[in-house]
Amino acid sequence: MNSLDQIFVTLKQWLLSYVPTDFQPVGSALLSIVAIIAVFGTAFALTTILERKGLGRIQNRPGPNRVGPCGFLQPMADAVKMLTKEDIVPYAADKVLHYLAPIVLTVPIWLAFAVLPFGRNMSAIELDASIVFFFAVGSASELAVFMAGWSSHNKYSLIGAMRGIAQMISYEVPLVLSTVPVLMLSGTLNLNEIVNAQSGFSFGVGQWNVFTPWGAAGFLLFMIAATAESNRAPFDLPEGESEIIAGFLTEYSGFKYALFFLGEYLGLFAVTGLAVTLFLGGWNAPLAFLNVVPSWLWFFAKFGALIAVFIWARGTVPRLRFDQLLNFAWKFIVPLTLVNIAVAGIWYFSSDHLAYAVRWLICAGIFLGFYELLGRFLSLKRAPRTYRYAE
Amino acid sequence: MPNKITFCLTVVFTLSAAVAAIRLRNPVHCALSAALAFAGLAVAFLGLDAEFIAFAQILVYVGAISILSIFAVLLTRGTEVEPTAAVFSRSWITGIAITLGTAAAILVPIFSSSILYKIAPAVASAPVQMIGTELMTHYLLPMEVMGLLLTSALIGAVVIAMSDRPEKKDDSSHPSVTRYPSAESKPATKRDLTTV
Amino acid sequence: MKFNFQGAGIVRGFVETARNFLGSYYDPERLTTVEYPERKLALPENVRTVPFLVYDHDMSGLRCTACKICEQECPAACIKIIKDTVKKSDYLGKSQFQPQVFDIDIAVCMSCGICAEVCPFDSIKMDQVYELATQDRFAPLILHKEQLGKSNAYFHAIHPTDAVETDSLRDEAKRKAETKAAADAAAKAAAAVKPKPEISTTANSQSVGTSATANVEKAVAT
Amino acid sequence: MSTLRKEISNGSFCGGIDVDSPLRHFSGATRTTNTNGFAHDLLEISMGPHHPSTHGVFRMDVIVDGEEIVQLKPVFGYLHRNHEKLAEKNSYLGIIPYTDRLDYICSMTNNWAYVLAVEKLSGFQATERAEYIRVIVSELTRLFNHACLVGFLLQDMGALGTPLMYAFREREKILDLFESLTGSRMMCNYMRFGGVRCDLPEGWLDEAKKVVSDYPGFIDQFEALITGNEILLARSQGVGVLSRELAISAGVTGPMLRASGVNYDIRKTDKYGIYSRFNFRVPLGDHGDVFDRYMIRVLEMRESLKILEQALNQIPAGPIIDPKAKNRGLRPKAGEVYSRIESPKGELGFHIISDGSASPYRLHIRPPSLINLTILEDMCLGQTIADAVIILGSVDIVLGEVDR
Amino acid sequence: MTPLSYYLGLSGLLFAVGFAGAVTRRNAVIVLLGIEFMLGAANMNFIAFWRFGASGSAPTGIMAVIFTIAIAAAEAAVGLALIIAVYRHRQTTQLEQMDSLKG
């Protein structure tokens, strides 16, 4: 059990034993980089095909199933198509920025994976403030979206870029704030330690943050903010294809477009990995007796489940309008994250005085009360209607 | 030695980005170069074992301030290149002169001071835990003041930038349209078209 | 049962899509795609695509008499007919023209089926082929008489009801014609004793032919 | 923040366009001064004819202030095919397939409108069975037209095809019925003067009854999927309001007019065909916004189902076409006729002038899509680009009918 | 380990560049950027002296920089808001054209 759990760690150490001591840090980093790129590159290819198949199933059709067995070579075909397409740069474009934008989007996102713990003893670098690092490298994507939209010299691109920046800035606030309860109650900014804090079992069930009221609420808020942050439906306004063609991607084609595509999915993977780490117990098993399953398998199982939720949402909900999107962020999500921080405080300080169930109900009640109240406030003018008939 | 190479690369990167940020013609390019320079500065912080500060620097400067300045540029039609600005103009000479003057004024004392060639202690770190504890104990008052300042800055920025235009009252109110005569005044057409 | 907490509508939508997703694995109603080149749907009998010409036995038995009604009635004007110069005997034994040229430009044809509807000889019918794509947009899309002509058996295969009905009508007409011919023959035999029999026969058959043509001409005029 | 954001979207968009760029002239960016005296940059966006959600080759010349529309010009005609002029060269019979191609979603109702006009002109009367068949196919057409419309509307709203695919799934069933009846799924070319072209095939009525009895299940499913969705409510309520007065004076008809609260359904007012025999109601909206237009269509589908149930059960046996009615070579006597029906999109009228020859002297079509489209700007002013897209979607246009 | 003087040299050069930008450019936004560079250079000094100073155990320099960064953020927000407000009245961000005290 232990050997299978630590198989990748052992493998890395074995490989490193062939490297001279002076170069071991570099070798270690390189091995981690190769592993991350291989795993998440594959995950990207797999997600694109599974997303299309899943959406197809939701829509009563089988999805792509022609290339390779069950269509699973479709990503290869897409890649070949993308790479062989003509790379068109508009005449009036700002050539340098137009060229740089996909790189600026894609490269920093890879860095975010460095701090995620994929399994027991399996994070590429151990940082004291790893969650700050995570959000810091994520901030480059706003610049990339702006560069893409502005440099394309296209009106749709510009509108898309403006939407994109405003949306990302607005949702970065709740994204960070929704992690605050976790940081408060774990007492650390280190993702490995946050996972360790969730490693216990009570009554055989994992002590994940999501099983507490503030954790469940935080998870919900985090997922909503993460959807917006990664420009996924229903918050895909920057690309809103029925309104502004393809938003900031309008003038991109070929390899650059593929890079944007890759960057967006990697961003999604990164926040999903963070959600798993913060709320779903990271690589911990849900039930005590399931500890025999390797930890990294648990991480990727949870990761896949969350990705499926994103795909499910994409197949279900229509898109918001831009002002509604920002209202939703500032008048609903941000206040709720603040309430959630307070709830987490109540949860922490009431631990000595109240029974677990009472504590749970009180905290959940406070949050749900605010949820309902703010929701009502947000949808004041809207209601299902009744209709009259003429004979 | 690898340390020094990294440091030199960082310096070259940061300074050239900084020069680009203040000298490029298009203000959007300037703002983007500034983001690069700030990122280079953060790398230099990392070299000084100040991880938290480095990440905070990126988060605030790259993620917020450069985006804000881009917005400011766009909102003020700043992308219009100054019509007279040549790539190399008189202000370049002024700029170089000022830079060299200031740099000399700062660097000459630094490099003439021998005490500054001291070597750093082997280990120095400020774990996040410690920073948090300090903020909540020794630096509590400054932190509270800082919170107040940030709040007032937020409100102030909104108030200053707020439009004088009255907000639209209600999105369901429809501008009255006068293009069509109203239904009542419409003359009825009497012609019976169904006669064969 | 309706819960009306905030976001209830969205949750219901999620439930609905989940039901469809799961349903697609066991309920054929939830996976309606027919994967075309491998699987083809059975066409209903009435399906019409482009016209074709029916012949009995072989091409020489083409039912078309080049009357040009379809050419005239075609709303898209995609039919071109040139009459042959010689007449042939049709299944009734009448002497009829056949088309020397019968072209349909299926790039123009809008498959309305009016040609089949107006044809008085049950000659032009609607086909059911639908894989008509070609590499060239001009020449291959103009179907000539040879490509258009298809056997009555084919007609039976694609439009059984219509074909049976048509055949019974034609058999009826043929039976009548045969009775009439037999009667004529009897009359001829009876008249054989009278002088100048050949001339009379020729005149008779000619008059039948012309009257049929005249009818057609009249129909065209209206 | 909201005001800051407003500024962000104000006037910022021309920021992207350099003075010396060739795009500057092309962009049509104009500088105006508002009452406060500070310059606003308006941006002209040409949405279409190649745009994902203009429902065909249609263009909206939009001038926006930020994302708010200050001017909108619908530009159409890209799909003009000269139907009205072609009719002057065609026989009366030969015009019928062309009417299929007006509103290419609902060929049955187009057929009926035209055939009804010619019948009025030449005094034919459709047989009893034919009248029932006409009602059945028209109401089936209304069912799938409305289903498609709400699907497309939600597609425009960004629901990524799911509602549309569900709508298409149901539409296929009705199209299968049409295919087995007329031989073609969309270009039915089915109705004839005095009746219909061919009789119902064996077992068709049972299949139709099955489709009709299954249909409410689809509507329930569709409504569960989306009607209560808070995002849909937020996107569509109070958006694109069309006032009752404006709707009447602009000649808007169909579900759009009824969504504005005007009780006007030609099936009720004219009672053409045999609609007087059926028991059905006309749903009316009170707000005239996109949500009402959506809901009216959903409710109309349910009413159509009532008509269908009655018609399918009452349909008599008998001839399908009046033997006295002449189709080929029809030469109605000189005269003029205007006849209209309630097509799924509104009042579809045919104005025919005959000079006694084999082709109409003039034929004019009153397409509901076109008339309903004329008030697009009035509905869109003050709304955002995203709203304009769904307002256009809620009008229910088919460019084949708009441009003819 | 890179000696302290190197870091101070970087800091000085960055300060000089920022100062030159603040003085020579006419666009208010870029002047603000120059000022941010000067602040960044100052931060560099704080960190460097903290790292090389004797008080490695107490995060004094770090604390100062945290507050500086917060102030810089506030300053940028207010400064850019001011620029936008001025632009609205005078249709310019060129500092030399903002020569009147009257709004």
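Residue numbering begins at 1 within each chain, and the chains themselves are lettered A, B, C, D and E in the order written.
Criterion: a residue touches a chain if its C-beta (ideal position, glycine included) is under 8 Å from a C-beta of that chain, and two chains touch if they have at least 3 such contacts.
These figures come from a predicted structure and were not determined experimentally.
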Considering only chains other than chain E, in their present positions, which groups are joined through touching? one piece
Higher-contact pair (C-beta pairs counted), A-C versus C-D: C-D
Looking at Cα centroids only, farthest away from chain E lies chain C
Which one of the chains is farthest from chain A, going by Cα centres? C
Quick one: chain D and chain E, Cα centre-to-centre, how many Å? 61
For chain B and chain D, let me know how many angstrom lie between their CA-based centres, rounded off. 50
How big is the gap, in whole Å, between where the Cα atoms of chain A centre and where those of chain B centre? 25
Averaging C-alpha coordinates per chain, one finds the centres of chain B and chain E separated by a number of Å equal to 11
Check each residue of chain C and list the ones that touch at least two other chains. 6-7, 10, 13, 16-17, 20, 32
Would you pick out the residues of chain B that each touch at least 2 other chains? 52, 56, 64, 71, 73-75, 77-78, 125, 157-158, 161, 172
Where in chain E do residues touch two or more other chains at once? 81, 84
For the complex, which residues does chain B have touching chain A? 28-29, 32, 35, 51-52, 55-56, 58-59, 62-64, 66-67, 70-71, 74, 125, 127-129, 172
Given the complex, residues on chain A that touch chain B span 97, 127-129, 132-133, 135-137, 139-140, 142-143, 146-147, 150, 165, 169, 172, 187-190, 381
What part of chain A is in contact with chain C in the complex they form? 54, 57-62, 312-313, 315-317, 371-372, 375-376, 379
In the complex, the residues of chain A that touch chain D are 55, 58-61, 91-92, 149-150, 153, 155-156, 158-159, 162, 166, 170, 233-234, 236-237, 240-245, 314-324, 326-327, 330, 379, 381-385, 387-391
In their complex, what parts of chain D are in touch with chain A? 1-2, 5, 8-9, 12-13, 15-17, 21-23, 27, 43, 45, 51-53, 67, 154-162, 165-166, 169, 225-235, 237-238, 263, 265, 268, 281-287, 291-292, 295-296, 299, 384-387, 389
